[in-house]
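Some structures to go through are shown next.
In what comes next, chain A is part of two complexes: it sits with chain B in the first one and with chain C in the second one.
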Partner chain A sequence: MELTGLLHYGVFTLTMVGIYGVLALGLNVQWGYTGMLNIGVAAFYAVGAYTTAILTAAPSPDHLGGFGLPFIVGLVGAGVVAGLLALVVGLVTLNLRSDYLAIASIGIAEIVRLVLKNEAWMTNGVRGIAGIDTPLASLVPGYADLGYLVLVGVILALVYWGVQRAFRAPWGRVLRALRENEPAALAAGKNVLAFRVSAFVLGSVIMGLGGALYAHFNGYVSPSDFQPMLATFLVWVMLIAGGSGNNRGALLGALVIWLVWSGTEMLAGLMPEGLGTQASALRVFLVGLLLEIILLTRPQGLLPEKPPRRVDE
Partner chain B sequence: MTEILQLVIYGLVLGSIISLGAIGVSLIFGILRFAHFAHGDLMTLGAYFALVFYGTLELPMPVAFVVALALTAGVAVLLDKLLYRQLRRSSPVILLIASVGVALMVRSVIQMVWGTSNVVYDQGITMPYVVWGLRIKPDWLVILGGVAVLVTAVHIFLQHTTMGKAMRATADNMDLARISGIDTERVVMWTWILGAALAAAAGIFLGMDTRLHPVMGWRMLLPVFAAAILGGIGRPYGAIVGGLIIGFAQEFSTLVLPPSYKTAVAFAIMVIMLVVRPTGLFRGRS
Partner chain C sequence: MISVRNIVKAFGGMRAVDDCSFDIADGTITGLIGPNGAGKSTLFGIIAGFEPPDSGHIYLGDEDITALPPHRRFHRGLLRTFQTPRGFENMTVLESLMMVPAHQTGESLAGAWFRWGRVKAEERRIREKAEDVLEFLQLTHLRDTLAGRLSGGQKKLVELGRTMMTDARVVLLDEPGAGVNRTLLARLAEDIKRLNLERGYTFCIIEHDMDLIAHLCHPVVCMAQGRVLAEGSMAEIRADERVLDAYLGGDPSQAGTSADETREAAP
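Moving on, here comes the complex of A and B:
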């Protein structure tokens, strides 16, 4: 019995690490590769989660759809809708300096939050959308979540492979050039806006996938799942702690910070009963403090960025 | 007609609160070159400091107000010494990320100390004055009077004191200010004091107008940024105009949009401004 509990906890932890790993890889494309400040990670994450919820849930009078479509359609849809949102935002804001993108991105997150909360015909408002299938639940009989963990692992591996390829490709090289010296990249004849927008869209598509993975794992989405700052903030701390610009670092950061984050939950559990809000606030405080300490002492993260080796070396 | 005038009054109150926040954001942005994401949470902190001295210790509101401003300014200076100053040599975006962390830490402390429920300064309902069919809450007169006094004080400070001139010079051109012998570290400290005190005042006024809540300031951050950008970064007077425009726009939008989308209006104006004229109405830094 004890062992089963431990296994369940392990599977839960690894699945969440996998989902946050996907989000951190998405942010790495935007911030790590290109230096674009997206403080609205939660927006793309939430859009992905709701898209798949509407596409795959059973029909319901409470919200748009559901259309009862298969998981894969939900996943692709989540990426497409998150990407379209990113395309619109990107075309407008990516010509501006990075601070303005940061400010614009919290605006997007706020608007997405308002829409999810207020447009009840589409999202069922604060009551959220329930009945989202967890695929592959029957892969390992008796361990419903284990099958899904495998699926998350496969998708994470595919995303990792993709962004790693992109990093080495000429496209990734241009992104780094833009990050380091925009005028030089411009002088070399690179279309700055096109590269920025494509990186922003790619990162956001990946975040949308992360949202879809979360929705299918949780089986239920509501606006309170996407406390805009918490999700965004955790992903940022993961990427910075792990090492911006390094995909392996992003994954390591997702693992370490998720463990720290659940560790603080246990710490908070030790606090006296009835201090629930204090305990959760304390957790956020500790993660904030951790971020500042990392920025002050090891801003390059655990695994610093390494320029890719040349093929002919 | 009455309805329109009533919205003008709402807009004036909201706009002047936004202005106070925007002056600080604009100066910090102009001098330290980063968008201070913890500004909204400094507003919240100021509001709760005032609650301690007014609600708990039962001091008169003006005293609680001044003490809250001083304490919030102290917190900001401390944050600068412990954190922001250490990061100033790295790129400004690192400061921005650090300030997002500060925003969450400040909010967590507020939640730990004061809880997450809504609080008000004064229980009970005060009857609004009715003038020509317009409802005017007594608190609004206090707020508008307070903002007028503070804005005048800021004006005198910026125009007629050495530090104020140094601050404007630094916001214009940091390097030029430094070779002219301006002690930029002192300018930075005064920027924090001024910005944080005004943020605290904005938070207290917001708390008087509505209620106190740990995310009240964070929710104002977008309108405040929008106002600062609209007015032109590093242009405190522009920030005041920007704040009023955003305030009016948000209130007038309720004629056509559900009130819950007020923030979206501030955002839309900001985005249009960034696209059409990124330097703002008053030609701040782009």
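Moving on, here comes the complex of A and C:
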């Protein structure tokens, strides 16, 4: 009993690390490679989660759909819809300076949150969408989540392969160049806006995939799952602590910060009753403190960025 | 090659470029001189497409390129550098050269993911080219150094090197000599000459160092207050009364014969 409890906790933790790893890789494409300040991670995460929820849940009078489609359709759909949102946002804002993108992205996240809350015909409002299947649940009999963990691992590996190769390719080289020095990248004949938009869309597609993975893991999505604290702040902390510009750093950051985050939740459980609310504030404080310590001792994160291995080696 | 026709550009009430017209003839190294605030760098920005003019036209050959974005002008062989060298601090010298060639397969995500073999082959070719450029500039030893660690003069050389990674026709150099020590400056001047003679690059050079201008440039265009004041050989320019009044004569801090003094006066 004890052992299965531990195993269950381990599987849960690793799955969440996998999902946050996907989000951190997506943000790394935008911030780490390109220097685009997207403070609206939650928007693309939530759009991905709700897209797959609507596409794959059983038909219900409470919300749009569900269409009962297979997982893979939900996953692809989540990426596509998040990517389309990013394309629209990107074409409008990416010609602006980066601080304006930051403000715009906060606005987008807020708009998405309000739509999820208020367009009940589509999203069932604050009550959310339930009955989202967890695929591969029967892969290991008796351990429903283990099969899904394998699936999350495979998708994380694919995403990692994709972003790492793109980073090593001339595509990533141009992004780094325009992050370092936009006028010089222009002077080197690069269509800066097109590169920016492609990086913004790719990062957002990946965040949408992360959202889909979360929805199928949790089986239920509601607007409270995508609060900025959980969905944006944590991802940023993971990337910065792990090392922005370094994909392995992003994954390491997801692991470390999630362990601290969920570890402090247990800590909160041990505190005397009545201190529960203080405890949740303490968690945020502890994560912030950890970030400060990492940045003071390793300003570029646990695994700093370095020029990638050359393609022709 | 490049024709500047009646270009006007105002910032607020100040006309930085005021009905300016001149030509950069094919195969020349044209010098562009004039006191600070004459509108030279603004004009470079307009020629390269970094800023739109209020009115007037830029022609490359017979083509009106006034409305083309910078990367399209680049694809036609029109390149610029910057007054303060702008490098890619966290990229190696080799990388910052290799990023230049246009239309690389691996610049698209589809290319990077699905045509890796081709990307590899291209990278090999581009790297060899970059290594040739480094050898030409005698910078081979800095190949894997991060560009942020270079000295000002080395950055200028790398910037010149970037123009050599593509089939340039016209290169606009904004104060290539600024902040460069004498030894490197001599090398830079020789490199510019060789590129002009051996590869047929047309140059237009903004510079306050009159020795460098006299050594390299013919013809020389002198601007003041946004307009062309005089054009001709360096000897003609030096003898021109108006140029002496506006730039070369009088106040020694504006003289321009001593480059360092002028640079101190620069903003």
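Just so we're on the same page, the second predicted complex is superposed on the first by the 303 of 313 C-alpha atoms of A that agree within 3 Å, B and C clash if a C-alpha of one lies under 4 Å from a C-alpha of the other, contacts with A are read in each partner's own complex, and residues count from 1 in each chain.
The working rule: contacts are C-beta pairs under 8 Å (C-beta built on N, C-alpha and C of every residue); 3 or more make two chains touch, one makes a residue touch a chain.
Since this is a predicted model, take the numbers as computed values, not measurements.
Visitor: In the superposition on chain A, see if there is space for chain B and chain C together, and answer fit or clash.
Guide: After superposition on chain A, chain B vs chain C: fit, no clash.
Visitor: Now for A:Thr51: first (chain B), second (chain C), both, or neither, which partner does it touch?
Guide: In the superposition, A:Thr51 contacts neither chain B nor chain C.
Visitor: In the superposed arrangement, does A:Asn38 touch chain B (first), chain C (second), both or neither?
Guide: neither
Visitor: Between chain B (first) and chain C (second), which, if any, makes contact with A:Arg165: first, second, both or neither?
Guide: So A:Arg165 only meets chain C here.
Visitor: Identify the partner contact of A:Thr134: answer first if only chain B is touched, second if only chain C is, both if each is, neither if none is.
Guide: Neither partner.
Visitor: Looking at A:Leu186 after the superposition, I want to know if it touches chain B, chain C, both of them or none. Which is it: first, second, both, neither?
Guide: The second partner, chain C, only.
Visitor: Tell me which partner touches more residues of chain A in the superposed arrangement, chain B or chain C.
Guide: B
Visitor: Could you state the shortest Cα distance, in Å, between chain B and chain C after the structures are superposed?
Guide: 10
Visitor: Which bits of chain B are touching chain A when the two form their complex?
Guide: Chain B residues touching chain A: 29, 34-35, 37, 83, 86-87, 90, 92-94, 96-98, 100-105, 107-109, 111-112, 115-116, 218, 221-222, 225, 229, 258, 260-261, 263-264, 266-267, 270-271, 274-275, 278, 286.
Visitor: Applying the document's contact rule, which stretches of chain A touch chain C when the two form their complex?
Guide: Result: residues 162, 165-166, 168-174, 176-177, 180-181, 183-192, 195, 198, 202, 305, 307, 310-312 of chain A touch chain C.
Visitor: Residue numbers of chain C touching chain A in their complex, please.
Guide: The touching residues are 48, 50, 69-71, 74-75, 79-82, 86-92, 95-96, 98-100, 102, 104-109, 111-113, 116, 119-120, 123-124, 127, 146, 162, 166.
Visitor: Considering the complex alone, what residue numbers of chain A touch chain B?
Guide: It comes out as residues 35, 37, 39, 92-93, 96-100, 102-104, 106-107, 110-111, 114, 117-118, 229, 233, 236-237, 240, 277-278, 280-282, 284-285, 287-289, 291-292, 295-296, 299.
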